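Okay, so subunit A shows up in both of these, paired with subunit B first and subunit C after.
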Partner chain A sequence: MTTTVLEPAIHGDRVSLLRVLGPAHVWALGVGIVLVGEFTGWNFSADKGGALAALIVCWIVGLLYTSVAMIDSEVTSTVAAAGGQYAQAKHIVGPLMAFNVALFLVFAYTMLEVSDAILLGDTIVAKAGVEGLTHNSFIAATIVVLAWLNYRGVLMTLNVNFVITAIAYISIVILFFSVSPWTQGAVLKLNELVTPGNALPYGWIGVIAAFQFGIWYYLGIEGTTQAAEEVRSPARSLPYGTMAGMITLLIAAAMTWYVCASLMPWEYLGITYYPLWDAGKLTGSPLLENLLFIATLLAALASANGCINDAARAWFSLGRDRYLPSWFSAVHPKYRTPYRSILFLLPIALAFAFIADLNQAITFSILSGVLQYTFMSINIMMFRKKWPLGTIRRGYTHPFHPLPAIVLFCLCVVTFFAIFLGFGSQLIAMTIFYFLISLWFHFYRYKFVRRGDQFTMPWPKPQGY
Partner chain B sequence: MWISLSYACWGISVVLALWMLYDWFKVDTTYSEDVLTSSREGELEAVSEKHRI
Partner chain C sequence: MSRYTPPEQSKAGQVFDIVVVVVAIFVALWLPLKLGLAGAAKSIDALDAKTWEALGQNPTMAAIWEKLGYTPETAHDVIQNRFHYVIDWPTLIIMAAVLIGYFVFLFRASDREYRDVISEKFDDK
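Let's turn to the complex of A and B:
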C-alpha cells in the first residue's frame, strides 16, 4: 500500500479548505466543545436522581461516548471529508439520512453555541452583581468575536481553542489537588453528603432520568470529525485526537463529580448553574474562586468556538453537494474558510441567544445530539456489512464489533426515554420537524442534487450490490 | 467598570461584524462564483489515498 501526500489545491485555480491541523488541534476541537459540560450541565443530573445517580450516569454515559469515539474514529478515518457524520451517512446509508444528520449537526452545535454564550453572559453578570447590567452585550461579543476568529482561519481558531481549553482543564486539576482528595474530612465531606439514605433519593427511575443531563459530561466529542478535511493526516490524527480527548474527558468528569459531590449537598448541586465555580468558593480560597470563574468563561468560549467551526462545516458540506443552494459552499480565497456559512449562521445564533432561554437551547442541542448517536450505531453496522474489513483502507479499526454499536443503540434508547420524561413535548415537536423537513428534501430539494457527484470516496462497490 | 466593559463589548461586536461584511462584499466582487465554490469533497483523498489492500 502506498500513500502520497499532495499539496492543497492551488490558490487561484481551485479554492479548498486548508490541510494545516494536527492531532492537538483535533483534541482542542473535541475537548473544547465538551469541557463546558463539566462547568455546568452535568450537575442537573443530581437533581433528577441524586449525587450517586450523577456518578452512575458519568460512567454509563462515558461508555456511550467511548462507543461513539471508537465508531467515529473508524468511519471518519475512512470518510475524511468536511461534514463528518454527514459525509459518512451520505456514503453509507443514503442522501435522506445524510440530510437529516447534517441538520442534527447544525442544530446540535448552533444550540450549544447559543447555550455557551448565554452561560458566559450570565456568569459575568453574576460575578459583577451590578444592577442594570444585562448579559446581552457579552452574548453578542462572544458570538461575533468567535465568528470573526473562525472567519479568519482554522489554524488560529484551533490554536486559541487549544490554549483556553488547556487552561480550563488545568484549573479542574488544580482544584482537585487543592482540596486534598486523598483525605476525607479536611475539606471534602463525601461520607457526610452522600449517605445510603440520600444517595438515590428517587431510586433507579431517578438514575434513568439522570441520563438526560449526564450527556453533558461528554456532549460534542464527536465534533472532531468536522476537521477531517483540514487535518494533515486524517487517518492518524482523527482517531488519535478523538481517543485522547475521550480519555481526558473521562478523567475530568470523575474529578469534577468527586470534588463537587464532596462539597455540596445534592439538593444544591442539582440546581446550581456553576458547580465548579461554587466548589472553588466553598474551598474558601479567593485564588481558587477566581481561577474557577475564569475557567468557566474560558470553557464556554472554547465550546462556542468549536461549535461555530463545526456547524459552519456541516452547512458548507450541504451546500457543496447542492442539498442546499451551492452559494453556501464558497471558500474564502485568502483565509480558506467556509466564510458564507459562518456568516449565515451568525445572526441565527444571535437571534436564538437573545430570545431562547438556556434550558430550551440545551434541550434542543441534546436531542439533536442523541438522534445523531442513534444514527451512528446503525451506520457502523451498515458500514461493516457493506465494506467488511480488508475491502477498503481504514486508518483505525475499532475492537469488539458489534458490541459498541449495540451498547450505543441501547443507551440512546434509554436517553430518549429520559428526555421524554423531562421534555416530552420538545422531543415530539423536534421529531415532527425532522419528518416535515425530510418530506421537503425528498419531494422538492433532491431534484437539484447532482446525484453521481455526491459520492466521492474511491471505494469498491459495496457487498451485495 | 462592568458597565464600561458592556459598552466595549457592543463596540467590538459592531466593528468586527462590519469588518466581516466589508470583507465578504470585497471577496464576492473580486472573485468569480466558480472560483469561490470550486471546492470538491474527496478531491485530495481520491488522488492521495490509494485504496489498494
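Let's turn to the complex of A and C:
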C-alpha cells in the first residue's frame, strides 16, 4: 500500500476545508457514529428473529460491512474528496447516481442523528424517573449544541468524538470482564435464557428478517470517507482508520451480544431501548449501572456529532457541484467548516426528532444505508472496469476482487427482503421518493450543472468511453 | 462537443428549488408516519392463562422479568407481541419491481449524463 498524499480536489479559488485530521480522527468518526448501535438498535434484531438470530446476523452483517470497508477504502483513498461515496459516484457512475447517493447519505445520517437524540433524551428521562418530564428539551439541546460544535471546527469536533467514543467503548469492555464471561451460572445464564426451544422462535425466516436491525451493529462505518478532504493523508488515514474501526466494532458487537443475551430473555432484549444499560442494572452493581448509563449518553452524543459532520459534508458537496443551489457550498472563512449546510440541516433534524419515534427513525436510516451499499457493490465493479489496476494510482487496493462486491450485493438483496418482512411499506415509499426526486433532478435541476467541471480527479479517460 | 454553459439561476429560483427538496424530504419521511405505514407489522397473540409457564418462561427468565419490574400480566403483551411472517407475494413483487426499476433508471440516466461529462472533460482538449 502506498502512502502518497493525494492532492485535494480543486474547486476554484474558494476557501477550502482544512486538512488537519489523522487516522485516530477517522477512527473516532467511524466508530463514534456506529458504537451507539451496541447501546440500542442491534437488539431489535432479537425481536425479529430471536437471540440466536441476533448473533448470526451480527457475524454475517459483519461480513457485509467488512466488504463495505474494503471497497470503500480502495475507492476513497483514490477519490479523496468531501462527500465520500457521493464523490465516488460522480466520478465513476454519473451525476444522477451521485445526487441520489448524497441524498442516501444525508437521510441515513440525519435520521441516525435523530435516533441518537431521541435515545439520549429517553435515557435521561428514564433515569430521572420524574413524572411529567419529557425528552423534548434534551433532544433539542443535543442537536443544537452538537451543531454548534460542528460549526466551530472539524478538529475540535472529532477530538471530542475520540474521547467520548473511547470512554463508551471501554465501558463495554469493563462490563464484559466484570460479569466473569468465562463462567456461566454466577452472573451470566446464557444456557437458561437461550434454549433450543427459543433460540430461533421464528425459524430461519426470522434470521433473514433479523438482517434489518443487524445492520445497526455497524451502520455508519462508511462515514469515515466523508473526512477525505480533511485528512492529512487520505491514502494512509482512511484505510487504517476504517479497518481499525471495523475490527473495534466486531469485537464490541460480539461482547455486547454475549453479555446481553446472557442476562435477559430475548423477548425483553428485543424491545428494550437500553440493552447495555439494562445489562448493567441486571448485574446488580450500581457502579456498572451508572457507568453504562453514562456510556449510553456518550455513545449517543458521539454518534449524533459524527452524523452532523457527515450529513453536512454530503449536502455541502451537492451545493459545490450546483446539484443544489451553490449557496450551500460556502465554507466558513474562520472555522473552515461547511457552516450553511450544518445550519440548514439543523431544523430538519429537530423536526423529525419530534415527530418520529426511535424505531421509525432507525428504519429510515437503515433503508437509506442499504440503498447506498447496493450502489457501492456495483460502483466498485465499474471502478475496476473503467480504470483497471495500474492505470491510476490507488492509495489502497482491496484483495479478492470481485468477491467482496458480490458478497455485499447478495447481502443487500437479503436485507431488502428482511426489511420487506415487517417494514415493506416504508421501503416502497422511500424508493418512490428517490425515484421522483431523481426525475426532478434529471429533467430539471441538472440543467444548472456545468458538465465537465464535475470531473475533478486527475485521471485518464475511463475505458469504454 | 461544444462546452455546455448552464443558465444562471435567479435567487428566487434557488429558493424555490430548496423548498421543493425540503418538502419532498418531509413528505417522504413524514407521510408514511401519518398514513400509519411506518413501523413493524406485529400483533399480540393473546393467552387466557397469564402465568410465566403459559408464557413459556422458565424460572430463570421469570426471575429476570420480575427483577425488571414485570408481572405475568404486564409481560404478556411484550412476550406475545409477535411478528407473523407471511410472505405477501403481490407486495413483494411490487417492492422488487419498484427497486429494480429505480436502479435501472438510475444507472441508465446516469450513464447518459456521464457520457456528456466525459466528452466535455476529455474530448475538448
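FYI, the second predicted complex is superposed on the first by the 451 of 465 C-alpha atoms of A that agree within 3 Å, B and C clash if a C-alpha of one lies under 4 Å from a C-alpha of the other, contacts with A are read in each partner's own complex, and residues count from 1 in each chain.
The criterion applied here is as follows: a residue touches a chain if its C-beta (ideal position, glycine included) is under 8 Å from a C-beta of that chain, and two chains touch if they have at least 3 such contacts.
Predicted, not measured: the structure shown is a model, and the values here were computed from it.
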item	value
First, second, both or neither for A:Trp327, with subunit B first and subunit C second	both
Which superposed partner A:Phe138 touches (first subunit B, second subunit C, both, neither)	first
Touched partner set for A:Gly390, first subunit B, second subunit C, both or neither	first
Partner chain(s) touched by A:Arg340 [first = subunit B, second = subunit C, both, neither]	first
Partner chain in contact with A:Asp278 - subunit B first, subunit C second, else both or neither	second
More subunit A residues in contact - subunit B or subunit C	C
Touching both subunit B and subunit C, residues of subunit A	327, 454
Contact set on subunit A toward subunit B in their complex	1-6, 8-9, 12-17, 19, 80-83, 87, 124, 128, 130, 132-134, 137-138, 140-141, 144-145, 147-148, 151, 229, 235, 317, 319-321, 326-327, 329-334, 339-340, 343, 346, 390-393, 454, 456-460
Residues of subunit B that touch subunit A when the two form their complex	2-3, 6-7, 9-10, 12-13, 16-17, 19-21, 23-24, 27, 31, 33, 35-53
Interface residues, subunit A side, partner subunit C - complex	47-48, 89, 93-98, 100, 107, 111, 189, 192-193, 195, 197-198, 201-202, 205-206, 209, 263-265, 267-268, 271, 278, 282, 322, 324-325, 327, 348, 351-352, 355-356, 359-360, 363-364, 374, 378, 416-417, 420-438, 440, 442, 445-452, 454-455, 461-462, 465
Complex contacts: residues of subunit C adjacent to subunit A	3-7, 9, 14-15, 17-18, 20-22, 24-33, 37-42, 56-58, 60-61, 64-65, 67-68, 75, 78-79, 81-83, 85, 87-88, 91-92, 94-95, 98-99, 101-103, 105-107, 109-122, 124
